[in-house]
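Chain nomenclature is as follows: A, B and C, assigned in order of appearance, with residue numbering initiated at 1 for each chain independently.
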Amino acid sequence: MGEAARTLFDAPPAAEQERMVEAILFATAQPLALCAIADRLPQGCDPAAAIAALRRRYAGRGVEVVERDGAFAFRTAPDLGFLMAREAVEPRKLSRAAVETLAIIAYHQPATRAEIEEIRGVGVSRGTLDLLMELGWIGLGRRRLSPGRPVTFVTTPAFLDHFGLETARDLPGLRELREAGLLEARGAPDTLPRMDPDEDPDGGDQDALF
Amino acid sequence: MGEAARTLFDAPPAAEQERMVEAILFATAQPLALCAIADRLPQGCDPAAAIAALRRRYAGRGVEVVERDGAFAFRTAPDLGFLMAREAVEPRKLSRAAVETLAIIAYHQPATRAEIEEIRGVGVSRGTLDLLMELGWIGLGRRRLSPGRPVTFVTTPAFLDHFGLETARDLPGLRELREAGLLEARGAPDTLPRMDPDEDPDGGDQDALF
Amino acid sequence: MPDDFGEGFAGGIAAGGDALVVDVDGFEGPLDLLLTLARSQKVDLRRVSILGLAERYLAFVSEARRLRIELAADYLVMAAWLAFLKSRLLLPPDPAAPGPSAQDLADHLAFQLERLEGMRRVAARLMGRDQLGRDIFARGLTEPVIERRRVIPDATLVDLLRAYARVKTREDYAPLHVRREPVYTMEQALARLRGMLGMAVDWRVLEAFLPEGWALDPRARRSATAATFAAMLELVKAGVAELRQDGVFAPLMLRARAVGPHLPHG
C-alpha cells in the first residue's frame, strides 16, 4: 500500500523538497522534528534527505541548520552572534565630580589625588579618575618626590584635542573666567590659611604650569 | 578622510559581508532599511552590494530576499505558502467599506476623509479608519494646506509588506487607473450633491505620490 | 465580504420583469446603488445613458416609497438631484445659462461611477494578492537584537571652565569642617603655650604667642587671640604662669611662674 501511495502521489523532486523544507524551517516559530516536517510536506517526501541537503547548502553561511534534541531550526552562525547586538551610543554629560576633577587636573597638573581632593574640598573616588583615564583625557604623570611618592595626573593630547586647545596653557585664568562671567565673586576665600599643611605638601609648585 | 577611514577600518571581504547581512535579515521579521543594516555591520561595509548578492543567491529558493519600501527582508517563496497552512493566521474579515477605504487611500494618497467620502459617495465611519490604523496599514500624512487643514491618510510600510509590494507605485492596476484619468482630482460641478458639504475636498495635491 | 463586488455583483436588486425587489441594506450609499443599476444595463460604463440611469434610480426610489421603505436622506438627496438633472437633460441646451451644463453634470456623474468601479476593481486585485501571514511568511523564529547602550560621557570646554570656577568659589558652600578651619581652639592654644612657656621667663605680650599664619587675617587673628587668652587664664589657674595688664586695653603680658619660693605681689 505504501508503494501504491507513492506512485499515486508523485513526490516533488528532491530540489523542490529542499526548497519546501527551507521555507518551513524559516517560517515556523519553533524547531521542528523530522516527523513534524514530514507532516507539512506533500506525501512521499523525504525530509531527512532534504535536511541533509539544506545543512550542506547552509554550511558556512550566515545562518545554519542546527539540530537540538532531534528538532531542526535555522540559527545565526555562531561566529556572527555579535551582529545580534546593537550598540546605541548615548552621549551623556560627564558627572559634576568628573568635570571638576578634570578641570583641577587641567589647571594644576601634575596633580596628586590628595591635591585634587584638597582643591575640591571633597574626596575623589577612584572611579572618577578611572573614568577620565578610560576616556583618554588624563594620564599618569611622574611620581611626586615627596613622602609616599604619590602618582600625579596630567592631561593628555586627546584632552587638548577634545576641548579644542593647543596647549593646557590656553586655559583661561581665574581672572579671565571671572571676566567671562564664569566665576561669580563670592568673597576671597583663598586668603584663609589652611589648618592642615600636610595635605598640601607641594602647594608651592601647584601653579607651576601656569 | 573617507579614504583614510576606509584603510583604518578594514571592511570584511564581500563574501563575509554577505554572510553578515544574511544573518541579520534572517533574525528579524521586519524589513530592514539599508541604513539599519549598515548600523549593525562593521565599519566600511557595503550593505547594498551584500543585498544584491543575497538576492541572486536566494532567487528561486524556498525563501527569497524581498524589497519593501526601500527595506529588505527574507520571505517564503509565494508558491510555497500552502505548506505553512498551520502558521497561517486567518486574516480578519474586512468589511466592504474597509476594503474600499483602504484602496482609496492607497491609490489616492495622501487622501482626506472628505475625498474618501466623495469617491465612495457615502460617509466613512470612524470605526473603519480606526480599524485600518489598528491593522497598521494606514497612518496620518501631512495636513492639507486647505481651509480647515484636514488630516490626510497614507499607507504605511506595513501595508506594503502585507500585500507584498515593493513601493506604493507597484499597486496593481495603478497605471490603468491613471491612464483612464480615474486618479485625477476632478472637482465636482457645483450642483452635484455632496456627502459632506462642510468639508472641502480640495484635491490640489491629492496625487502627489503618483 | 471583500470580494462581493466586481463581476456579477447583483446588489440588493432583483429585477424580475417589472417587479423591483428593494433591499436598501445591501447598498453602500446612493452612488453604489447607481453603479449597480448601471451595471445591470450590461454596457460599458462610459456609454451608459445617464438619463436612463436617472430614470431607473427614480423608479427605484418611488418603488421604495410605495413599499413604505424608509430611505436614508442621502438617497433622497440623490433622487432630487437626478430629477433635476433629468429635467435639464430633456431641455435643449442653453449656452447662455450660467454654471455647468447638464451634459457637464452628467459627465461628472459618469466619471464618479467609473471611478468608484475602478476603485472596487483594484481593491479586489489588492485583496487578491498574496498576503503576509496567509500566503507569504516572515521569519518565525526571530532573534531579538540586544540593545547595548553605551554611554559616552561628554563635556564641553565651557563645562570644564564652569567646573573650575565652581571649585574655586565653593567656599561659601563648603562642608562644615572647612568653615571651621579658621577657628583656633583653646586646646590648640594651650598645647602651643605649654610648649613655649619654658622659654617665657620674661614678660611677653600675648601677640607673641599667636601661632604663625594667624596674625594676618582679621578673622583668624581674632580666633587665635581669644583662644590664646583663654589658654593663658587656664595656665594661670594651674599656677604655672603669670598674667599682667598695666591698664585698661593695655597689652596682656605673660610669663612663666618661677619655680620654688616666690615673691608675693605687691
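The definition used in the following text is that contacts are C-beta pairs under 8 Å (C-beta built on N, C-alpha and C of every residue); 3 or more make two chains touch, one makes a residue touch a chain.
These figures come from a predicted structure and were not determined experimentally.
Undergrad: Which chains are shared contacts of chain A and chain C?
TA: B
Undergrad: Which chain has its Cα centroid closest to the overall Cα centroid?
TA: Of all chains shown, the one whose C-alpha centre lies nearest the global C-alpha mean is C.
Undergrad: Using mean CA coordinates as chain centres, what's the gap between chain B and chain C in Å?
TA: Centre-to-centre distance between chain B and chain C: 28 Å.
Undergrad: Just give me the whole-number Å value for how far the CA centre of chain A lies from that of chain B.
TA: Here chain A and chain B have centroids separated by 36 Å.
Undergrad: Would you please write down the residue numbers of chain B that are in contact with two or more other chains?
TA: 26-27, 40, 74, 76, 84, 87
Undergrad: Please list all residues of chain C that touch 2 or more other chains.
TA: Answer for chain C, listing residues that touch two or more other chains: 137-140, 143, 145.
Undergrad: Applying the document's contact rule, which stretches of chain B touch chain A when the two form their complex?
TA: Interface residues on the chain B side: 18-24, 26-27, 39-41, 60-63, 74, 76-77, 80, 83-87.
Undergrad: Would you mind writing out the residues of chain B in touch with chain C in their complex?
TA: So the residues of chain B in touch with chain C come to 26-30, 40, 73-76, 78, 81, 84, 87-91, 93-97, 99-100, 102-104, 106-107, 119-123, 161-165, 171-174, 176-177, 180-182, 186, 188-193, 195.
Undergrad: Quick check on the complex: what are the chain C residues that touch chain A?
TA: 137-141, 143-172, 174-175, 178, 181-182, 213-214, 217, 219-220
Undergrad: Which of the residues in chain C end up touching chain B in this complex?
TA: The contact residues of chain C facing chain B are 1-2, 4-5, 28-32, 34, 74, 77-78, 81, 84, 99-100, 104-105, 108-109, 111-112, 114-116, 118-123, 125-127, 129-140, 142-143, 145.
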